[in-house]
Every structure is written in structure tokens, then in C-alpha cells.
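I've put the structures underneath this note.
You will see two complexes here that share subunit A, one where it goes with subunit B and one where it goes with subunit C.
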Partner chain A sequence: MRGQTNLFALVVALVLLTGATVVGVSLADGALAGADREPVERHAAAATADRLIAADSPLTVRANTLNASRVAALNASRLHELAPVARTGDVRVALDGRPVVERGAPGGGWTVRRSVVVRSRAEPRSIRVNLSTQSTVSVPQGVDRATLTLASGPNTTLRSVRANDRVVLHDDGGLDTTATVHLDRYEPTTLRVDAGANATGRLVVTYRPQRVDDRILTVTVDA
Partner chain B sequence: MTDRALVPVVGKVLEAMLVLLYVASLVTALHGGVVPDYRDAAAAEVSDRTLASTAARIEASVPPPSDDAAASRTVDLPAAIDDAVYRLRVENRTLVLDHPDPALSGRLRLALSPRVTAVEGSWRSDEPATVRVRGDDGRLRVILA
Partner chain C sequence: MRRGQLSLSVIEAAIGVLLVVGVAAGFTVGVAPAPSAEPQLDSLARDTATLLDSEPVPGGSDAWLVALARSSESFDRLRPDTRERVARALPADVAFRITTPHGTVGYPRPPRTTVGSTTVPTRHGPITVRVWYG
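And now, the complex of A and B:
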């Protein structure tokens, strides 16, 4: 009987050892599954996002600054041209959660987020000024060009227009014209018409103010 | 009365046989199924990661447009995947990993700026790897050396 007790203890020990092995293998299984990070998907998403916001991308004005109208013109085939990595699988490009381009319907996959600035031009704004009461017009910062229409009244010759004391239009024979002038967009501009004390006439300044919005660009790739 | 002396010997031999049998079956089960599976899975993962991180490294080495300077960067590659030396080469703007085991080989399209006109060269995993960018009049060449 003593021999049989020994054998019984041995069998119990072996069963315990088997249990430990099974637990160890299943833990290793979980660790391996947890280490799966889909590197190819992640690369595709990151590379697509980086190509879209690069300084030499057709969508950007400079690095990280997107032009709103060019973003609106983006479609799936243009996206593929720009970032051929995202050829395989479903892709979605979104700005602040609103989809810009979608190919397929990515269910999960890998998402990359990039903080970007979107520049867009608002509706044109016109300022009309009667030169007998006022000879200056203020244009806000961020406008790089404006269209001026000058109409001089009787007995008045308008010779020049200055933007922040820089002469942008000049004609000794008198300005009676429509012209586009370039302005410094990094500071507000004051347009001044050089007119005498009793000058009459009209000045119309038309410009498109710029809007700049911070957005989050998300690129999701589900291969 | 010789039987009584034989009982412990037979018992011990039986125990030893049982343990040997158990260890043999455990080793067979682990090395026959579980371990090779894990090695393959880990090797496939390392291969994917090497491909993706190397592609990202190559893409990041391209300087921004204002900069025409040449760039040179070292790239860290795992010396071996599944105990075998592999090669990385570029073929038609696609990074190709050539491994003796076709299941561990792979290819990945590079996302490069249109200013990059050519990507060429190859690396061996057991040699130091460098990516060089040469600028020439706004056009760039990327060379794996």
C-alpha cells in the first residue's frame, strides 16, 4: 500500500504540472495576441496623413495648413495619387469627424490624428467710401489683395493710393479705374487716397477676408 | 519471501517510467505544435514591423522642399528574422523584404513626395544600413546603402 500512495502523489503532481503548462501557454497566447499592433495599417494611415499635410502636398498652403477649397476638391482617385500606400483596404479621411473622402467603409482599423489649420476665404466684402467725407479705408489682417474702384467727382484729380504709406497706385493724369493691389497680409492695412481738401468722388474696396480654423485631420485605414 | 523485496523496486521503476513518459509527451506537444507556431507568429510580426518602421524611416528622411541639402541617416534593422538573414530592397517605389521563408517576406508601397525621382539600393540585415538622400536641382534621389 505504501508504494501505491507514492504513485498517487506522483499522478497528482503530474496533473498539477500539466495545469501549470496549460496556464502558461494560454498566457503566452494572450501576450502574443496583445502584441499585434497591425504595423502595416498603422504605417499606411500615418504615411497618408503625412503626405496630405506635407509642405509640398497639393492640398496645403504650407506645412500643416490646408486650403479649404483644395480639400473640398479631394476625391478617392486623387487621394490614391497623393498617397498610394492607402491602395489596399478601406480609407477614410475626415476633418473634425466630418468625412472628406471615403473609400469603402472602414469598420475598425488604425486611425491617425494630426492637428491642422484650414484656411478658407469668406464671401467678398465691399466697403464704399465717399471721398468728400472720408479718405481712408481699413482692411483687416490676413488679406493679401484687394480690388479698388475709384471714381473721381467733378473738379477732382485723384493721383495716388497708399497702403500703410506705401504707394500702390499712382497716375499723374488722375486715377479713374479699377485695379487689384497686393497688401501685406501679416498686418491690418489702411488704404488712403491722396485727395485735396475739397475732393469729391467714390472709392469701393472689395476684398475676401480669410478664415483660419484649427481642425483635427483623422486618417483611418482598415486593411 | 523474495517477492516482498521486489515490490519497492518495481514501484520505483514504474514511477520513473511514468515521469519519463510524461516529460517525453510534454516535450513533444510543446516542440511539435506550440513552440513553432509561436516562433512563426513572432517572426511574422517582426517582419511586418521591420517593413513598416523601415518604410517610415525612409519616408521621414526626405527633407522638406525648402531644403536641398543631402541627408544621411542610419537605420536600425533586426539582424535576423527567425534566425535567417534577409534583404531589403526597393523596386518601383515599393519596399520589398526578401526572406528565405516566403511567408516572412513582404512588400510595402512607399509614400514619397513627387520631388523624389528615384529610390534605389538594397540592404542586408547583417550589415549597417544607411539611407542617403541626394538633392539635385529640386529633384531628390533616395539611396539605400
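And now, the complex of A and C:
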């Protein structure tokens, strides 16, 4: 009698324990499976976005400022080189909803949004100045470089060019050249040729005005 | 005698079940943090600060952040432009508040929302950018 009762209790205990183990392990497995996938996509998307807009990324001029032509040249294999972390799944990079690059066809996945600006250079603009009438040229704010072509007239030696009183070109033997100078994009620049009162010659300044557009960069990774 | 033996086994079984369920629940609770919006908001706040740090203010020679922190007058002059500039930079569903030594720009921050923030030191004082889904 005692033995039988013990056996019954043992069977009930074993059934309960097995049931609890099965339910518990399946719950835990479900939780693990659900938790495992998303961080991969999340991290891949965040890391890809970080990589694309970093200051030293090949796409950017500085942090968060993308160069329009380099973005246009981006393709799937370049993206793969830039952000190998996203190689496991389907990836889409878009600017304001317009896809830039797509590898595979991400359906769901995880999307990361970042604020960027896209800088594009407009058509070059040239300003020609006759040095006998005028020795300064104004370049608007936001231009970070300009190409100067100097041609001195007879009996004239042009020694230096200043941008906002900073000497950017100088040659004691006379400037008769084409050169690219870097300007401060934070303020409008006045280029001044140090020429005497009776100087003659020509100065051509060529620069490309910049357009800066705000965009939202979205990176979607579907692993 | 008989009752005592049965209840001991049941107690053992109950303790066993509790143990197994406890371990399984440990997995469930420990490994599944809900996907949080905070890292996303933090990077949007950082993006905003980076853009304000690298762009010149219209008609001035300072970056936005420096001009905002420089002086009370400079801050007051730039306040409407800053609001417009930041609203343009962020996605439409994200609201922001920028705290400078001379005042704040943006929307009042609702209580109990997840907020992403970043603080940038400038030579005139720190500037904090906070963003949230609004």
C-alpha cells in the first residue's frame, strides 16, 4: 500500500516536472529566438548609417554632410566595402524616401533615420576683372575654394593675392598663373590683388556655388 | 502516515516545477529587452548638433552653436532662424528643444517621454540638444 502510493505520487511528480520543463524551455526558446534576430538588424542598420555619414567616410565632406556626386556614384558593391556589417541581409539606403542603393529587397527589418545635408556644387561661375579699374572680387559665403587666373599686363608685376587680408598667393617674381586657393566658407570672401596704382592685367576668379539640402538618410537592414 | 508521504512528494514536485519555471523565466526576462527608441533619438540629437556645429549662420561668420552661445543678443537674434533650421533638419515626427546658456529654443519637453540628448561644449558654454517623438 505504501509502495503504491509512492509510485503514484512519483508519476504525478514526474509528469508535472516534465510538463513544466517542456513549457518553460519552449517559452525561453521563443524568447531567445525573438530577441536574437532584431539586435543583428538594429546594429547592422545603425553601424551602416554611422559608417556612411562619418567624417572620414568616402561619401562625406565632413561629418553628416554628404557629397551629392559621391552619393550618386554609390552602388551595392561599394556599399558592401564601406559597411561590411550589413552583408548578412538585404539593405536599402534612401534619402528622403528615394532609394539610393538597394541590395536585395528588404521587406521589413529595422530602419535607422539620420539627419544629413547633401552638398551639391552648381555650375561654375566666373568673374572677370580688369585690374586697371578694379582690384577686388567678392565671393559669397559657403564657397570653400576658388580658382584664380592672373595675367599681368605690360610693366606690371603682381606679387600677391589676399583673401580677407590673408595672403593666399605670393611670388616676388610675379604671379602669372592659374591656382586654386582655399577660402573660409564661414564668411563672404573678398579677394584682393596687391597691385600698384597703374597696374594692368586681368584676373579671372572661378568658383562653384554650393547648394546644401536637408535630407533624412534611412538605412533599412532585413537580415 | 499515508497523507504525510503523499504531501511530501507533492511538495517535492512543486519545488521542482518552481525551480524549472524559475530558470526558464530567467531566460525570458533576461534576454528580451523591448526594442528601445533611445539610441535612435540619441543619434538624431547628435546629428542635429553636428549640423549646427558645422554650418555658418546666415550673414555671420560663426557656426550656429557658437553664435547661439555667444551672447544674449546673439541668441535672441538667431532664435527664430534656429527653430526653422532645426525643424528642417529633423524628421517631421521628431520634436526638439535646444538649451543654451542664454535660453531655450524649441518645444516644451513633455513629461515621461523617451528623450535622446547630446551636449556639446562651446567656448561660451554648453549647448544641449534634446529630441523626442512628438
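Note that in this section the second predicted complex is superposed on the first by the 140 of 223 C-alpha atoms of A that agree within 3 Å, B and C clash if a C-alpha of one lies under 4 Å from a C-alpha of the other, contacts with A are read in each partner's own complex, and residues count from 1 in each chain.
Everything below uses one rule, namely that a contact is a pair of C-beta atoms (placed from the backbone, for glycine too) under 8 Å apart; a residue touches a chain by one contact, two chains touch by 3 or more.
Predicted, not measured: the structure shown is a model, and the values here were computed from it.
K.L.:
Under the stated touch criterion, which partner chain does A:L16 make contact with: subunit B (first), subunit C (second), both, or neither?
P.N.:
Once the two structures are laid over each other on A, A:L16 reaches subunit C alone.
K.L.:
Check whether A:N6 is in contact with subunit B, with subunit C, with both or with neither, and answer first, second, both or neither.
P.N.:
Touch status of A:N6: both partners.
K.L.:
I want to verify the contact counts: of subunit B and subunit C, which reaches more residues of subunit A?
P.N.:
C
K.L.:
First (subunit B), second (subunit C), both or neither: which does A:G142 touch?
P.N.:
Second partner only.
K.L.:
Have a look at where A:A63 lands relative to subunit B and subunit C in the superposition and call it first, second, both or neither.
P.N.:
In the superposition, A:A63 touches subunit B and subunit C alike.
K.L.:
Where does A:A72 make contact in the superposed view: on subunit B (first), on subunit C (second), on both, or on neither?
P.N.:
neither
K.L.:
Is A:A83 in contact with subunit B, with subunit C, with both, or with neither (first, second, both, neither)?
P.N.:
A:A83 sits against subunit B, while subunit C stays out of touch.
K.L.:
Considering only touches as defined above, state whether A:I216 meets subunit B (first), subunit C (second), both or neither.
P.N.:
A:I216: touches subunit C, not subunit B.
K.L.:
May I ask you to decide whether A:A47 touches subunit B, subunit C, both, or neither, giving the answer as first, second, both or neither?
P.N.:
A:A47 contacts subunit B only, not subunit C.
K.L.:
Shared contact residues on subunit A for subunit B and subunit C?
P.N.:
Shared contact residues on subunit A: 6, 10, 17, 21, 25, 28, 32, 35, 42, 46, 50, 63.
K.L.:
Give every residue of subunit A touching subunit B within the complex, in rising order.
P.N.:
3, 6-7, 10-11, 14, 17-18, 21, 25, 28, 32, 35-37, 39-40, 42-43, 46-48, 50-51, 54-56, 63, 83-85, 87
K.L.:
Show which residues of subunit C lie in contact with subunit A when the two form their complex.
P.N.:
1-2, 5-6, 9-10, 12-14, 16-17, 20-21, 23-25, 27-28, 31-33, 35, 39-40, 43-44, 47-48, 50-51, 54-56, 58-63, 88-91
K.L.:
Spell out the part of subunit A that touches subunit C in their complex, as residue ranges.
P.N.:
Residue positions touching the partner: 1-2, 5-6, 9-10, 12-13, 16-17, 20-21, 23-25, 27-28, 31-32, 34-35, 38, 42, 46, 49-50, 53, 62-65, 112-117, 141-142, 184-187, 212, 214, 216.
K.L.:
Any idea which subunit B residues touch subunit A in the complex?
P.N.:
7-8, 10-11, 14-15, 18-19, 22, 26, 30, 34, 38, 41-42, 45, 48-49, 51-53, 55-56, 59, 64-66, 93, 106, 108-111, 113-115
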